[in-house]
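Okay, got some structures for you below.
Both complexes shown next keep subunit A, but they swap its partner, so subunit B is in the first and subunit C is in the second.
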Partner chain A sequence: MNPRKINAVMRKEFIHLIRDPRSLILAFIIPLSLILLFGYALSLDVDNVETVVVDYDHTAMSRDLIEHLDASIYFQIKAYARNANEVGEYLDHGSATLGIIIPPGFARKIKSDKGSPIQVLMDGSDPNFSNMARGYVNAFVAGYNNKLLLSFLNRNGLERINPPVEGRIRVWFNEDLESRKFIIPGLIAVIIMIAGAMLTSLVIAREYENGTMETIKSLPLSALELLVGKSVPYFFIALTNVFISVLLGQLLFGVVMKASFWLMIFGSSLYIFVALALGLLISTVTKSQLMANQGAILLTYLPSLMLSNFVFPITNMPSVLQLFTYIVPATYYIDILSGIYLKDLTFTQLWGDFAVLSLMFIVLAALNMRLLKKEGL
Partner chain B sequence: MTPSNNDVIFVKDLEKRFNDFVAVNKITFTVKKGEIFGFLGSNGSGKSTTIRMLCGIITPTSGQGFVAGHNILTQAEEVKHSIGYMSQKFSLYEDLTPFENIRFYLGLYSVPSAQWKERMDWVLDMAQLHEVKDRLTKELPQGWRQRLALGCALLHKPDILFLDEPTSGVDPITRRHFWEFITDIAGQGITVFVTTHYMEEALNCGRIVMINLGNIVAQGSPSEIVSEICPDKPDADLNEAFITLMSRGQQ
Partner chain C sequence: MSWMRIRELVRKEFIILFRDEKNRRVLIVAPIVQILLFGYVVNYDIKDIRVAVMDQARTSESRSLIKTIAGNKTFSITSYPEDPSGLEQLLLKGKVDIGIKIAPDMTSRIRKGRTAEIQILADGSMSNMASIRIAYTVMVLDTFNQNMIKEIKGQSLDYGHIDARIRAWYNPNMDSKNFFVPAIVAFVVMLLSLLLTSIAVIREKETGTLEQLIVTPLKPIEMIMGKTIPYIVISLVQMILVTILAKFWFDVPIAGSLPLLFLATCLFLMSTLGVGLFISTVSSTQQQAMMTTFFFILPFFMLSGFVFPIANMPVVVQWFSYLNPLRFFLVILRGIFLKGVGIHVLWPQFLALTILGTVLFAGAISRFQKRLD
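Let's look at the complex of A and B:
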């Protein structure tokens, strides 16, 4: 490795970037818009479920139930309907996603110890959402029953008794269960892939398309020197993107890192290496900028988004697909980042992810050097 | 047979196969220091494959080859340091200025930075590009770009200059200037190895090798080749000799 040669390649790449600002703009606009778009629009949290209520009973007890419902942060009473048909209309228009119908005789049945159903209608067109809403409804009903039982016992002169089993749930790492705290680390992984791999996927293909590759092969330049020189400018672009994302995550969404900043930089640099190596390999193999770009979208952007535990939980995937997630670099980087962002983990707990990323980098780079050597570099 | 001191290129039984296809079939020739050596052949004759082997870009399947004293089978890096190569596309970066293109080559040839200014000025003088050195290369006329590409290939004072169809797509005046320049270079002791399709250009070469279907079919000075190939036609020229030779294998 001759630093003078690397420097020459690096300078040239920098100039290409400056002369063709389109790719530079791409390098910064895409991350920015992704952060804003995903950060504001993609919320996986379900709260304030819009609820419409019909009360056929009109008793103190039915009103008490409704009050409790409204007081919960999980439900927001949108309207009081007069009958069940109206509830249907609300659900049809999507102006409410949950309908609760309290039948006539509700209070009477409960007081005579017969038990009364209440009807819950739910918009199931978004299964993810309705699953969570169903959980809330179940928890709410159980809680309300508990309250009724206790007051019944108390009224009958029995001492206040404690429920036999009580689950005391304490959420760790992301105490408020805010999905944003998980979205930001995942977004950084996707952004780095775009900035790192999609841009570098063009740089070797461009040499082939311009006919300059033939000259480069005749120059005393090794494959390693070419790859390193071409990577440097993009490494800094990607690293800048990490900083921008971390900063925006903190400023706009209040997502603050818990663990070491330097560990984050170390992990990000390693992941950037993998992204650059992947992009350059795609470039060497395709030799065409158009093909390389499409290949990069298919092999870097989409897997990082879909198969990395970011949007879709890996544990819910079919087992064949789960195997694929093991070769997606973002899976490991997201693990590192969420460990740093949410859990205050140290290198001793994360070294496995670091090791896998290092291995991926070495394999990708070695493969590329082999291919380029075969071509005559 | 080993290379003598005067042989700047020495090739013996050099062969290149791509799987079953024999691109270059055990060719043997030498080029002397300071010669303008023409390497002629039709498209697909094995011309480019030979140049790429001599420049250390691809490895021969068998045979020997020495370029500027370096073994092309084992010393590709040293070979690349002692040659300059200009392809027909000139291979410049069009979004870089001449100055930046030259600086790129200075770095890649690891020219010591103390010599950068002197080498830069030398190329800009030679290519008469001082005034346009900060303009984008794509804005320059074809002939100017050709001079720049040539200058870049000569930056590190190579022993041998390889020119692969250097004048295709260049107008006749530029082409004449180009050959004057090449003659000048050879006079300074740099060996010039050139391929071309234009037979009137090949007349500028001291010695010529013609290759067809991977085999050497003629070698010697242009006049020797003409009289050997067309002995019964006193007014035959190199063009006719070339066509005669190239059509032999096609039947």
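Let's look at the complex of A and C:
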């Protein structure tokens, strides 16, 4: 490995980047807009479900139920409708997402110690929402039934009784349950793939397309020198993006690391290595910029978005896909990120992820070097 | 306008695209991978909440609580740590979602008629999943309470209770895949048509053959047709492929009309091809075109209601989303697939797609023509 040769390749790549200022600027603008979009506009949290209520019963008991609904952390009563059709209109227009209909005879049935149905209508089109809303409804009903049971016991002269157990809930890691606290760190993994792998996937393919690969082959340049020289500029682009993301996350959205900043930078650098190696490998294999770009979207961007525990929990996936997540580098990097951002972990607890990422880097780089050597470099 | 010249150009595009075996492979593999990923991965169904129980009481009451939890099919108890640090490790390593600590004095408190505290430790990292897991845990404790009270009272209790009959509209089984799979049609069509059109023009620029094309008798409008028709064809084929997969592999119902779906795809293609042509006029290298394309795709994708509900977004962002053709196409897709509604309900979306498509396509054409003159 000759540093002067690497330097020459690197300079050429830098010149190439600077000559195309728009691509360079976009390599920063795209990550920036992702952070802003996710931070400001996109949220997966569902709280205060907007509820519209129809009370056909008009009794003290039905009003008590409504009061409890409104007081619970899950629901917020948006309006009172006169009949079920009106609830449908609210749902159709999206001005409420849940409708609760208390039938006539509600209080009578409960007072005569029978079960009374309440009808719950929800907008099921968004599964994240409807699953959460269903859970909330069930939890609310279970709690309210407990209250009814206790008042039944007390009313019937049975001795006063307390609920046997009560849950004392403590939330760890993301104490305020805010989705941006895990989305912003996870986004860094996607950003590095965009800024690192998608750009580098073009660099070798470009040489093939322009016919300059033959020239490079005739130079006294080894495969390793070519790869190192080609990736250095992109390493800095990706690393700068990490700094920008960390800074914006902290300043704009209050997403703060619990553990060491330098450990995060160490992990990020390692992950950038993997991303660059993957991008360059795609480039060597496809030899065409268009295919390299499609390949990079399929093999780097989509997996890091979808198969990495970023917003879609791995434990929910079918088991075959769960196996796939083991070969997605972002899975390990996101584990590191959530360890550092949320869980306050140290290197001794995270070394396994670091080891896997290092191994991935070595395998990808070695594979690429063998391919290039076969090509005659 | 000469159809023969257009036909020749179309033929040339197809030859270039299919000459390379890798191209052919990507064109088939890409949509399949995308539909499999989105169909299987994007899944918010709540199942298998992993629980660790640390039972310090070890009494019949605590065992009965554990049995209640294990009996609920949403939960699976994966481990029984002995001490608090074991429980902590499981949560830190992400091996369990919920930790339940039963204190030693549980039974004695219950027997005295007092309330025993059960500590629930929840991994909050994925906040949306955590909220729902907590709600389910609280529900299980309430179920246990009711059984316990009945047991203590030793008599069958028929007390007045409420019974929620939940009906989810538009997607009765609350199936995640029914929501996401139809949307993949849009994603696949957008990704390919946007990028391929712009690259088709840029490649001519890069290799210098654009100059040659200009000196041929080919008129700008013929060139635009020649450059877009192949990708309209490919996009429609992809659309059909994805729809077949959706129907027969994922069992997603297609309640509405297929010709309407076809029409909507064509209208949507006008927008994406327009943007693609526009990108080709402002870019000079493939790298620029790809980065610019990606820059357009991201907001299209994120602000469309694909994964993130538009209703949750700030109002200003919601206004912006009205400029997003994908937003309207998704409503149409989900409307046709899930709700089976027709043009009498979806006409505003069709109108919006037509307007956006016409503006974008016409704008791109006029810009393109100026560039060539």
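Methods note: the second predicted complex is superposed on the first by the 352 of 377 C-alpha atoms of A that agree within 3 Å, B and C clash if a C-alpha of one lies under 4 Å from a C-alpha of the other, contacts with A are read in each partner's own complex, and residues count from 1 in each chain.
Heads up, the rule we're going with is that a contact is a pair of C-beta atoms (placed from the backbone, for glycine too) under 8 Å apart; a residue touches a chain by one contact, two chains touch by 3 or more.
All values reported here derive from a predicted model rather than from experimental measurement.
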Which superposed partner A:Leu290 touches (first subunit B, second subunit C, both, neither): second
Subunit B versus subunit C as contact partner of A:Thr212, first or second or both or neither: first
Which of subunit B and subunit C A:Met317 touches, first, second, both or neither: second
Subunit B versus subunit C as contact partner of A:Asn2, first or second or both or neither: first
First (subunit B), second (subunit C), both or neither touched by A:Arg11: first
Touching partner for A:Ala189 - first (subunit B), second (subunit C), both, neither: neither
Which of subunit B and subunit C A:Glu175 touches, first, second, both or neither: second
Touching partner for A:Pro220 - first (subunit B), second (subunit C), both, neither: first
Subunit B or subunit C, by number of subunit A residues touched: C
Which of subunit B and subunit C A:Val137 touches, first, second, both or neither: second
Set of subunit A residues, in rising order, touched by both subunit B and subunit C: 20
Touching residues (chain side subunit B, partner subunit A) in the complex: 52, 55-58, 77, 80-81, 83, 85-87, 89, 91-96, 100, 103-110, 136, 162
Subunit A partner contacts - residues on subunit C that touch it in the complex: 20, 22-23, 26, 29-30, 33-34, 37-38, 40-48, 50, 61, 65, 91-92, 94, 97, 106, 110, 113-132, 134-139, 141-146, 148-149, 152-153, 157-172, 174-176, 179-180, 191, 195-196, 199, 203, 206, 283, 285-288, 290-292, 294-295, 298-299, 302-303, 307-309, 311-314, 317, 334, 338
Residues of subunit A that touch subunit B when the two form their complex: 2, 4-5, 7-9, 11-12, 15-16, 19-20, 210-212, 214-215, 217-222, 376
Residue numbers on subunit A that touch subunit C, as the complex places them: 20, 22-23, 26-27, 29-30, 33-34, 37-38, 40-47, 65, 74, 91, 94, 97, 106, 109-132, 134-139, 141-146, 148-150, 152-153, 158-175, 177-179, 181-182, 194, 198-199, 202, 206, 209, 286, 288-291, 293-295, 297-298, 302, 306-307, 311-313, 315-318, 321, 335, 338, 342-343, 345, 349
